[in-house]
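Across the two complexes that follow, chain A remains constant while its partner is chain B and subsequently chain C.
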Partner chain A sequence: VTLPKTWEDWSESSAADPARSIGFPFTMRQPLGRDDQFVQAYPEWIMRAAHGEKGNEPYNLWTVDVGSGPEKGFVVNTFNERLNFVKAARQYPEFLDFLLLTPSRAVAEGTSPSKDQITLDLLVQSDAGRLWDDAHAALDEQDRIENVKSQLDLFLTRYGERGVRSLSKLILANVPSGETAWTFLQMLGESANLNTARARREVLAAALESKDAALRYAAATALGSFGGADAAEALRKRLIWEKNVSVRRMIEAELS
Partner chain B sequence: MSFLARKVRGNLWAQAEDADRWLHPEFPYELLADLSEKEGHLISVWEVSTVDDPNLQRVAAALTVAGTNKEIQSMEFRLTPRVDVEALGITVTSTDGGTSDASINRLHRELSRLTSQQAVELLRLMRPQGRAFSAKAVARSLAEGLVSNRLPREVINQALLWSLNRQGAVSIIVPP
Partner chain C sequence: VATVAWDIDLLRFSAFPPPSVAFAISPLWERVVGQAPAEVQERPQQGLRNEIGPFGQDTLVITQTLVRFDIIFGMSAEKAASLKDLISLGPYEEREKPFSTVVRKWLEIAPTVGRIAFAPNLIHGVSTQQEGYELLKQILPALPIDAKNSRDLFWQINRPRTSKVLKEVTINRLAKWQMLRREQIQVIPERGGMYTGGGQATYALKLDLDIYTEPFTPIPSESLQSLYSELVTAADELMKAGDVP
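Coming up: the complex of A and B.
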């Protein structure tokens, strides 16, 4: 995928291949209102993507809650109202990278508020948080869990190893662990996404060393589903130290 | 001496292993969820001759087919000597297992009319002995059941076939 350099490029490729759209991760919150300084930090073609082809339609800046809340300084400004903008980000992951780099440059030039310290990691974290919430709400319904699995596939395709790392923070930080973390470990073990295989195995191996026994149990079953010599080696290493009888039993079952 | 095996959520039992939580009269309350059924007050168990009885793996395969999960997953059972359960005054009744595997349906039992005290004591009995099956082992048993016609071919759907393939229990060959 080549990032379009001009509005015309983007507009043309968008019309040619609308099926490339995938889910958009942001949760839009309250509008902040027009901010010319901020807007001017962006190239003209992005402005036109955000405000419509004619470039004369009204727009708003929106703040995006990325999960940890503004008290930690995680406020992300982006545009809504115009689906064109969303489409651009959906179709071109590079667009998102480009967009995220732009405010930092703008801050350096003194044209944007300092709160616009945006990194892709924060946005991935936001998407991971949304996925986590969806899974938590879906635990009792198998159909909805299947939907979360599909979302996870898209998430891994979109963000790759960076996405796995974001999810791992949620999994490993929520101790004592619960059904949501166990479900995610299982899904990470079962995923067919080859590009993230190494990162997924590393997360499962890290969870296998957690102080939380239930998380270790879930990691053991997930590593068993993951399969392969490296996963088996991680299980064998843990078995040497494992004191929890239930976890030992499951590791032994996975290795047998 | 026969055993009554109950499918449990192994994660919960792993988390509840701390001996302090079992000091009489205390117990890890969250494990009570493992004794409740979605419908009714009867507790479903399977009677096997020993802890290593191969029939238990067949039960795991049959329960997988009956479940709603699209992926074959690992499974754990907790086993309790039947005489110990009956000694608590719990009624054990033979009922049909209702699974696709007719050969194991006769092993199904139901525990009924438990008091809260009996439920807690049953959990204590379930604590020491368990048996775990990996997803691969369950898949193997499922494939064997299909090959030997213990399980009818109708139980296979696309998701199950894919999962069997993923676990290395079957190969999918597309004819030229």
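Coming up: the complex of A and C.
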């Protein structure tokens, strides 16, 4: 969990996802040393955000049952108040100063990724998409598939688990699945990249629980290629629920 | 144990992808609600999509990110602003079902998930602080509450149980119990001041539940509906029986 460092960081995340970025519902308690300012400023900002600059309309707040003085706090828990809270935070940057001084875990939850992270994610997604397209185009030609395998190894070396996660989206989202997804599962099962072994196995285990029977079949085969106790455990767990005869047979074959 | 008729402050259902897996983001509202959303907010670069629209008299938000999916049932700003008394979405007994219908429609089309959670935030109005603590004394029998001389109660505890649907899964039953006081605060910004006591204070019990599965591992799709029912049943029991191990 990373605390937002600047107003811009926090504003970005809350604008995109107000409910999660500040972890509602949460309780704000008055920061020590700024008692009067906080008690007065908090409802004022909320009220202004809700009603504009009309100024003197009464505003209803839930207050925590903690008496008064430095222990005074507010519960931000209604949908309405959440929206107003975000509006207030956007309009009054000093509001954030109070929040950052408040030892509230809620403020720290779910902040948006940094620009560097977004840039890297976009690069990984772009490369994953290119790899996917190459594999799709190469399905009927063994030589080209070997080339895609080499590309996948480079991709995994370069991006590690982040790369596996990016591929997982392509594999699991394209339902009903096709030969490209099955090929990727097989390649993930056979890859020798040690740094991504756990992540690759986890993606195969997730595919084994897909609603798509063909994807489960391919995942069972790939987990067999992957080997090891954890892969076998995933296969055994699936066998309890599996109704599709072909998939069952494949799992049993891989376990035998 | 006293029977408390809980009202809804907020309902949330959440799902998380299994480890090392990312969710794909796509339009969902229409598929699970049956009509187009009123508003769509999308940030493709960040991998975020919010679909928002009316749900009965209130609001439903479907939020998708690469690592989390939420359906949130809350109050529209307009309705909340118009209410004078206790702000709630109405009785849990009545309003949970349409929400769960939407959740179940999503579960039918859901990708592989690693964890699901049902998190109702509930509220129950009482006349006085003492009445509230009398009720808390009954629904939190393990606590030494003196109803006349107790304040500032906040009781948070997880009472995990083994799932009956999936033996290897634990159902975490996290509950936060507290007492709230609502009072009108009159603010006069140009004078930089705030005055309380503009109206009579009202009181409410608050119960925030977070019922979620553990460990974080792929959940068989065939078990999702039953597992969700188990989460709802666990929430019902906490609401009805109070804090019982």
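Heads up, the rule we're going with is that the second predicted complex is superposed on the first by the 138 of 256 C-alpha atoms of A that agree within 3 Å, B and C clash if a C-alpha of one lies under 4 Å from a C-alpha of the other, contacts with A are read in each partner's own complex, and residues count from 1 in each chain.
The rule is short, and it goes like this: a contact is a pair of C-beta atoms (placed from the backbone, for glycine too) under 8 Å apart; a residue touches a chain by one contact, two chains touch by 3 or more.
None of these values were measured; they are calculated from a predicted model.
With both structures placed on the common chain, the touch criterion links A:Arg158 to neither chain B nor chain C.
When both complexes are overlaid on chain A, the residue A:Thr221 reaches chain B alone and has no touch with chain C. In the superposition on chain A, contact is made by A:Lys211 with chain C only, not with chain B. By the touch criterion stated above, A:Arg130 is placed in contact with neither chain B nor chain C.
By the touch criterion defined above, A:Gln142 lies against chain B but remains apart from chain C after alignment on the C-alpha atoms of chain A. In the superposed model, more residues of chain A are touched by C than by the other of chain B and chain C. By the touch criterion defined above, A:Met250 reaches chain B but does not reach chain C. In the superposition on chain A, no residue of chain A contacts both chain B and chain C. For chain C in complex with chain A, the residues that touch the partner chain are 9-10, 17-24, 26, 41, 43, 45-48, 50, 59, 61, 63, 65-66, 68, 70, 72, 74-77, 79-81, 87, 111-112, 114, 121, 129, 151-153, 168, 178-190, 192-194, 198-199, 206, 208, 217-223. The touching residues of chain A, when paired with chain C in their complex, are 16-17, 19-20, 24-25, 39-40, 43-44, 47-48, 50, 53, 55-56, 58-67, 75, 77-84, 112-113, 118, 121-122, 161, 164-166, 168-169, 172-173, 175, 198-200, 202-203, 205-211, 234, 237-238, 240-241, 243. The residues of chain B lying in touch with chain A in their complex are 10-15, 17, 68-71, 73-74, 76, 130-137, 166-168.
Residues 142, 146, 176-177, 179, 182, 186, 190, 212-214, 216-218, 221, 224-225, 227, 244-247, 249-250, 252-254, 256 of chain A are the ones that touch chain B when the two sit in their complex.
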